[in-house]
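The structures considered in this document are given below.
Next come two complexes built around subunit A: one with subunit B, the other with subunit C.
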Partner chain A sequence: MMIKFVLHRLLWGAITVWFIATATFFAMHAVPGDPLIQDKAMSPAVRAQLEARYGLDKPLSQQYFTFMGNMLSGDFGISFTQENRRVNDIIREHFPVSATLGIAAIAIALVGGVFAGSIAAHYRGQWPDKLVMFMVVAAISVPGFVIAGLAQLIIVRLNAAAESTVLPVAGWGGVNHVWVPALVLGLGTLAYLSRLSRAAMLEVLSSDYILAARARGISGISLFFRYQLRNALLPVVTELGPAVAAITTGGFVVELIFAIPGLGRYFVQAVQQLDYTVIMGTTVFYGAFLVVIVVLVDISYGLIDPRIRLSAGRS
Partner chain B sequence: MGIPVFRFAPWQPPILPDVECAAPPSWRWSPSLLAAAGTAMAMLLFVLVGPLVWQQDPSQQWLSQVSSGPTSGIYARVVGPIPAKGTGNLSRLTVIESNTERVHLAWPEVVSVERFRLYRAKQHQSGKGLPLWQGRDRSYTDELQLRRQIYRYTLVDADTGIMLFSTETRPEPAISVFEAQLQGLIPASAAVYPEYVRLPAHPLGTDALGRDILARLMAGGRSSLFVGIVAPLLFISFGAIFGGLAGYLGGKFDHFAMRSADFVVALPFLLFMILLRIAFGIGPGEDGILPLILAMLLLSWPSSARLIRGQVLALRSQPFIDSARLSGVTTWGIFRRHIFPNVLPVLMVAFSFAIPQAIFTEAFLSFIGMGVSPPSTSWGAMCNDGIKTLLSHPGQLLWPAAMISISVLAFNILGDALRDTADKRSGGVGQ
Partner chain C sequence: MTVVAIEHLQLALSGNQVLRDVSFSLAEGECRALVGESGSGKSLTAMCLLGLAPPNAVLNAEQFSVMEQPLPAQGHRDWRGWRGRRIAMIFQNPMTALSPTRTIGAQLSECFRLHRNMDRRQARAESAALLERLAIPRAEQRLSQYPFEFSGGMLQRVMIALAVACRPKLLIADEPTTALDVTVQAEVLALLRELQHEQGTSLLFISHDLGVVANIADTVSVMYAGETVESASVASLLCHPAHPYSEALQAAMPRLHSSEMTVAIPGSPPDMRGTIHGCAFAPRCKHRMAICEDSPPLLASPRGAGVRCWRWHPDYPERWRLQHD
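And then the complex of A and B:
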C-alpha cells in the first residue's frame, strides 16, 4: 500500500516537473528580447554565428525538444551570460549554500515554533501566551526584507559597541555567517508554526487521552514528549511542505541582503539578463526539489500518524 | 478523485446541513476589530485623500536636502555661486560665511607656517575629525555635505602638526540660486532675488534623492494598496466562478478545473511571479502594476477555486437545494438565491486574508526591483531605496516598512474577525 502510494505520488511529481519545465520554457521565450542583447553592439554576422552556436536560430518547438532531451539526460546546458559556465556547475556550487541556509532556517523555525507554541498553550491566557502571540503577530506582519535589514543594523551596532566583529554583517564562510540569516529567513515560518502548534496543543491538552494518561500517573517530560508533543506535531508536519517552499523562495531576499552566494541570487540575476539556460535550470531544479519535499512530507506524515497510511491506501 | 493528495488548506470551513439561507453576518465589534477596521480605513484615507492635503510632488528632488531629517517649513538663505570675500585684517580663524551650501573660512598669516591643514569635526566628536584640505592659501570653502549642526574647524600646521586655531559654527539653512530657480521658488530669469525663500516642510524628512518621504508614502501606498486590493478581488472572483462552476457542474469540467489548479499550485510561486511579470512586459512610461496584477491572477486563483468548489460540492447535495430544484427554480436562480449567499462569508474571509498576502507579494517584487517601476513607487520600492541608506538613515526604510506592516496587520486582524463571524454563524446553527 505504502509503496503504491509513494510511486503514485512520484509519478504525479514527474508530471508536475514536466509541466513546470514547459511553462517556464514558453513563459521565458515570451519575454521580449533575448540573452544575446548586451551592452556591446553586435554585427549581424557575429550574431548569426552566436545564434547558431546556441541553437537560437531553430524554431521554438525544436529548441523545446532539444532542451527536454538534454534535461532528461541531466544536462541544463551552458550559461549565456557567464561564459563557459555550465548550469549544472552553477547549481552544484550554489545550491548547497542555499540548502545549508534553508535547513538551518527550517530547523530554527520548527524547534522554535513548536517550543513557543507549546509554551503558549500550556500557559494559555497568561503572560507567556500573550508574549508569544504578540511576537507571532509582529513576525507575520513585518516583511522579511525589513527584518533582514533591521538585523543587520543591530549587528552593526553590536559590533560597534563591542569594538570587534562579534557577528559578521554579511557574507558567507564560517558557522557564524549562518545564524542570523537563518533566523531571519525562518522567522515568518517560526511564527506561523507556533500559531499552528499552539492551536494543536490546546486541542491535545483538552483531550480525553491526556486525562487518561494523567490518571495513569504519567506526568512531566514523559507526558509532554510521548503524548502531547507527538499528537500536536501532526498539523505542524503537514505545513512543512509549504514552509520549505516559503523558505526556499524567501531565501532570495535574504541572500541578496546578506550577500550570500546562494542559488536564489543567480535566479534573479538570470531573469534580469534573460539567461535562458540558467532560468530553466534553476526553475526546474527548484520545482523538482519542491515536489520531492512535498512527497517526503506526505510520507513522513504517514509515518508519524499510522491512521493516514490506511486512508491513503484505501483511495 | 484518483490521487490521494493531501491538500494544504489552512482552514476548512464547516458546512452544516441546516443552513437554508445566509443570515447577514452578525458582527461583534471587539476593540481589536474596531482598531483594525479603523486602521485600514485610515490607510485608505491616507493614500487617497492624503495627496489632496499634502500637495508635494513625490518625485521632486531637493538637491540641497538629500536625506535630511524632519523639517518644518524653514526659511533658507539664497546663496549665489561666488563666496563672500574675506576682510583683510584677521586675527584668528574666522567664519566669513556659514550656511549649508558652504562654509567659508579665512585666517591670518602665521609666522614660520608654510602649509596649513584644516580639519572638521562634529560638535561632540572627540579629536580633530575629518581632514578637509591642505595647502598654502589662507582661506577655504567647505562644501562637503553640510548639515544644520554645529561644526568645529581646526587649523593646524601641516608640517609640524601644531594646532593653530579652532572655531565653531552652525551653518544656517541655505539653497543655491540655481536650485531655487529649478524648483520655481524664485523666477528663473530675475537678476535680483530675495535674500531668503521659504522651503516646503518635510515632516518625515527626505530620501537619498532629496524627495519628500511623506508625499512618497502616499504615492507609494496608492500602488501598494491598489495591487493589494484589486489583485485579490480579481483572482478570488475568478477562482470563485471557476471553482463554483466546477463544483456545480461536476464531471469532466470539474476534473479539468481541479487538475489545472493542481498544476498551477505546483509552480514555484515567486519564481513564476518574476517570470510572468517580465513576460507581460512594460512599455516605457508604464508603472508595471498591470503585469503584476495579471501575474497574480494567473498564479493565485487555485486556492479560492478549490475552496469554493468544496463549498459548492457540499451545498449541492443539501436537501434545500434539491427542494429548490424540485420546485422548478432555475440553475441561475439556485446559484443566486441559495449557493451564492452561502459561500459569501467564506469568500469574504478568503478575500480579507488574500489582501495582506498580495501586499506582501507586491512589496517583495518591488523590493527586488521587479515590481512597480520608477518613477512610480510603492512601499516595497521605497524599502528597496531605503535599505541602501539603512546604516546612516534608518528612517528611510522604517517608514515604508511600518506602513506595510501596519496595513498587513490591520487586514490580518480583519480577516480573523471575519473568520470568527463566519465560523460562529455556521457553527452556531448546527449545535
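And then the complex of A and C:
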C-alpha cells in the first residue's frame, strides 16, 4: 500500500514537472530577444547559420516537441553562452555544491530550530523564551543578503583580531567554507521552525499523555525524546517541504555573495542572458528535485505519525 | 498499615486557597471514594499525591504521608521512587492519556524496564501476560498496535495495565469510567475491583457519580470547595448523610423506581478566588444558622462519620436536628 501511495504521488509529481517545463518554455520564448543577441554585432548570414544549428529557425511548436523529446531521454542540450558545455554537465558539476550547502543549511535549521523551540517552550514566559523569540523576529525580518554581509564582516574582523584565517570569507573548498554560508542560508528557516516547534512543544507539554507519563515515573531524557519531541516533531516535519524550497531559492543569493560555484549562479545568469537550454535544464531539474523532496516529506510523516501511515495506506 | 494519611492538607495556587482542608486516611486494601462537584479539589488532591501539583503551588499539611512515610516536596527529584512504583494513577480519558505515536507495547514495557529492571524480552513477555490478564484478546499482537487502533474500553484496560504493572500500594483512579459508555463502565469497574483484591492495593477512587461509588467503594469522603466535609462508610453516607451537602448530593441522585424529581442544590459553589469565611456551604444550606459564620470543626456523628458541620456539635439541640430531618 505504501508503494502504491508513493507511485501515486510520483505520478502527480511528473505531471507537475511537465507543467513547469511547458510554462517555462513558453514564458521564456515570450520574452523579447533571444540567446544570440550578443554584445558584438553579427552578420545575418552567421546568425542564420547559428539559428539553424540550434534549431531556432523552426516553428515554436516544433521546438517545444523537440525539447520535450530530448528532455524525456534525459538530455537538456547544449548551453548557448557557456562555450558548448552540455547543460547536463553543468548540473552534474555544480549541483553537488548547491546540495551540500542546502543539506547543511536544512540540518542547521532543523536541529537549531527544534532545539531553540524546545528551550523556549520549556522556559515559557521566562527570559530564555523571550530571548529566543526576540532572535526569531530578528532573523525572520532581516533579509538574507544583509545577514550574509554582516557575517562576512564579522569573519573579516575575527580574522584580523586572530591575525590568521580562522574562517574563509568566501569561496568553496574545505569544510570550513560550508559553516557560515549554511548558517546564513538556514537562519530564516531556523527562526521559523523554532516558532513552530515552540508552539507544538507547548501543546504537547499541556497534554494528558505527558502528565500520565510523568505519573508513571518517566522523567528527564526519556520523557523528552520519547514523549515530547516525537509528538512535537510532526508539525515541524510538515514544514520541511516549503523549507527546502525556501533554502533552494535562498541559495541563489547566498552562493553569489559567498562566491560559491553552485548551480544557483548558472540559473540566474541563464535568465539574464536568455540561455534557453540552461534555463529549461535548471528549472526542470529544480522542479523535479522539489517534487521528490515533497514526496519524501510525505513519506516521513508516516514514519513519525502512525495514524497517517495507516490512512495513507487505505486511500 | 495506613496507606494514605492526609491531615489538614492546604494548597494555594498563585495566592488562591484552592485546597483549604483535606483530611482522610486509607487503610491497606481499602477503597475510598472522593466525591464532589467539578472544582472541589478532588483531582488536585490526587495530583499532590503524585507530586505533580502545578509548579506555582504552595502546599501545607500537618500530615501528608503514604505507607507511613512522608512524601517529598512537590516536583522534587525524590518522587522517582514513588511515581509508578508505589503510587500509580489511572486517568479519566484513556484516548488522550497515551502517547499517540508509540505502540502500546513500547509504553507498557517501558514501565517494567524502568521500575522492575527487566530487559526488553522479559518486559515484552510480562506486558503480554498482563494484557491477557486484563482480558484483552490477542494480547501479543495488540502490543505492536498504536492507541488509535484501540476502542475506548480497551484503552482504559491498557491504562489500568500501565498503572498496576508494578503492583503499586496505592492506586488512584480519577473518574476512570466517565469517558466510557455505560456497558463498558461496568466491565472496567469489575476489573478494577478484581485487581484491587488480587494485589491488595488500596484504591482512591475519584468520582462524581454516587451510583458508581456505591458499587466499588468501602468508604467515601465528600469534598466541597477544597474541603473534605464528610468522611463515612458508603452505607452510612448513602442512607444517613450527615453533612447538609452530602444530603443534598444524595437527594440530587436520579432514582430508577420513583416518579420524584431529583432535587438540584440551589445556588452555586463559592468562588475560590476570594477568601471563604465560615462554612463554605452555608449560603446554599437549608439548615443555616448564625454560628455558620465561623468555620465548623471536624465533628463526629453518632453513626461514626467525620463531619464538618455545626449541627453535630454536642451543644446542638437534638430535637432541632429531628425537626429538620
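Keep this in mind: the second predicted complex is superposed on the first by the 312 of 315 C-alpha atoms of A that agree within 3 Å, B and C clash if a C-alpha of one lies under 4 Å from a C-alpha of the other, contacts with A are read in each partner's own complex, and residues count from 1 in each chain.
Going forward, a contact is a pair of C-beta atoms (placed from the backbone, for glycine too) under 8 Å apart; a residue touches a chain by one contact, two chains touch by 3 or more.
In this text the structure is predicted, and so the values were computed from the model without any measurement.
*Asks:* Aligned on subunit A, subunit B and subunit C: do they clash or fit?
*Replies:* fit
*Asks:* After the superposition on chain A, what angle is formed at the C-alpha centre of subunit A by the C-alpha centres of subunit B and subunit C, rounded to the nearest 10 degrees?
*Replies:* In the superposed model, the angle at subunit A is 100 degrees.
*Asks:* Figure out whether A:Pro168 sits in contact with subunit B (first) or subunit C (second), or with both, or with neither.
*Replies:* A:Pro168: touches no partner chain.
*Asks:* Of the two partner chains, subunit B (first) and subunit C (second), which one does A:Thr24 touch, if any: first, second, both, or neither?
*Replies:* The first partner, subunit B, only.
*Asks:* In the superposed arrangement, does A:Pro128 touch subunit B (first), subunit C (second), both or neither?
*Replies:* It touches nothing on subunit B or subunit C.
*Asks:* Quick check for you: in the superposed arrangement, does A:Ile218 touch first (subunit B), second (subunit C), both or neither?
*Replies:* second
*Asks:* In the superposed arrangement, does A:Leu290 touch subunit B (first), subunit C (second), both or neither?
*Replies:* In the superposition, A:Leu290 touches subunit B alone.
*Asks:* Who does A:Asp208 touch here: subunit B (first), subunit C (second), both, or neither?
*Replies:* In the superposed model, A:Asp208 contacts subunit C only, not subunit B.
*Asks:* Just checking: does A:Trp12 make contact with subunit B only, subunit C only, both, or neither of them? Give me first, second, both or neither.
*Replies:* first
*Asks:* Using the touch criterion from the header, give the chain among subunit B and subunit C with more contacted residues in subunit A.
*Replies:* When the residues of subunit A touched by each partner are counted, B comes out ahead.
*Asks:* With the two complexes overlaid on chain A, what is the closest approach of subunit B to subunit C, counting only CA atoms, in Å?
*Replies:* 18
*Asks:* Please report the subunit A residues shared by its interface with subunit B and its interface with subunit C.
*Replies:* In subunit A, no position sits in both the subunit B and subunit C interfaces.
*Asks:* Considering the complex alone, what residue numbers of subunit B touch subunit A?
*Replies:* Of all residues in subunit B, those touching subunit A are 1-6, 8, 10, 262-263, 266-272, 274-276, 278-279, 281, 356, 360, 363-364, 367-370, 380, 383, 386-387, 390-391, 394, 397, 401, 404-406, 408-409, 412.
*Asks:* Quick check: in the complex, which residue numbers of subunit A touch subunit B?
*Replies:* Contact set of subunit A toward subunit B: 5, 8-9, 12, 16, 19-20, 23-24, 27-28, 30-32, 137, 140-146, 149, 152-153, 156, 238-239, 241-242, 245, 248-249, 252-253, 256-257, 267-268, 271-272, 279, 282-283, 286-287, 290-291, 298, 301, 311-312, 315.
*Asks:* What residues of subunit A sit close enough to touch subunit C in their complex?
*Replies:* Per the stated touch rule, the residues are 207-209, 211-219, 222, 226-227, 230-231, 234, 304-307, 310.
*Asks:* For the complex, which residues does subunit C have touching subunit A?
*Replies:* 50, 52, 79-80, 82-85, 88-89, 91, 93, 96-103, 106, 110-111, 114-115, 146, 148-149, 159, 162-163
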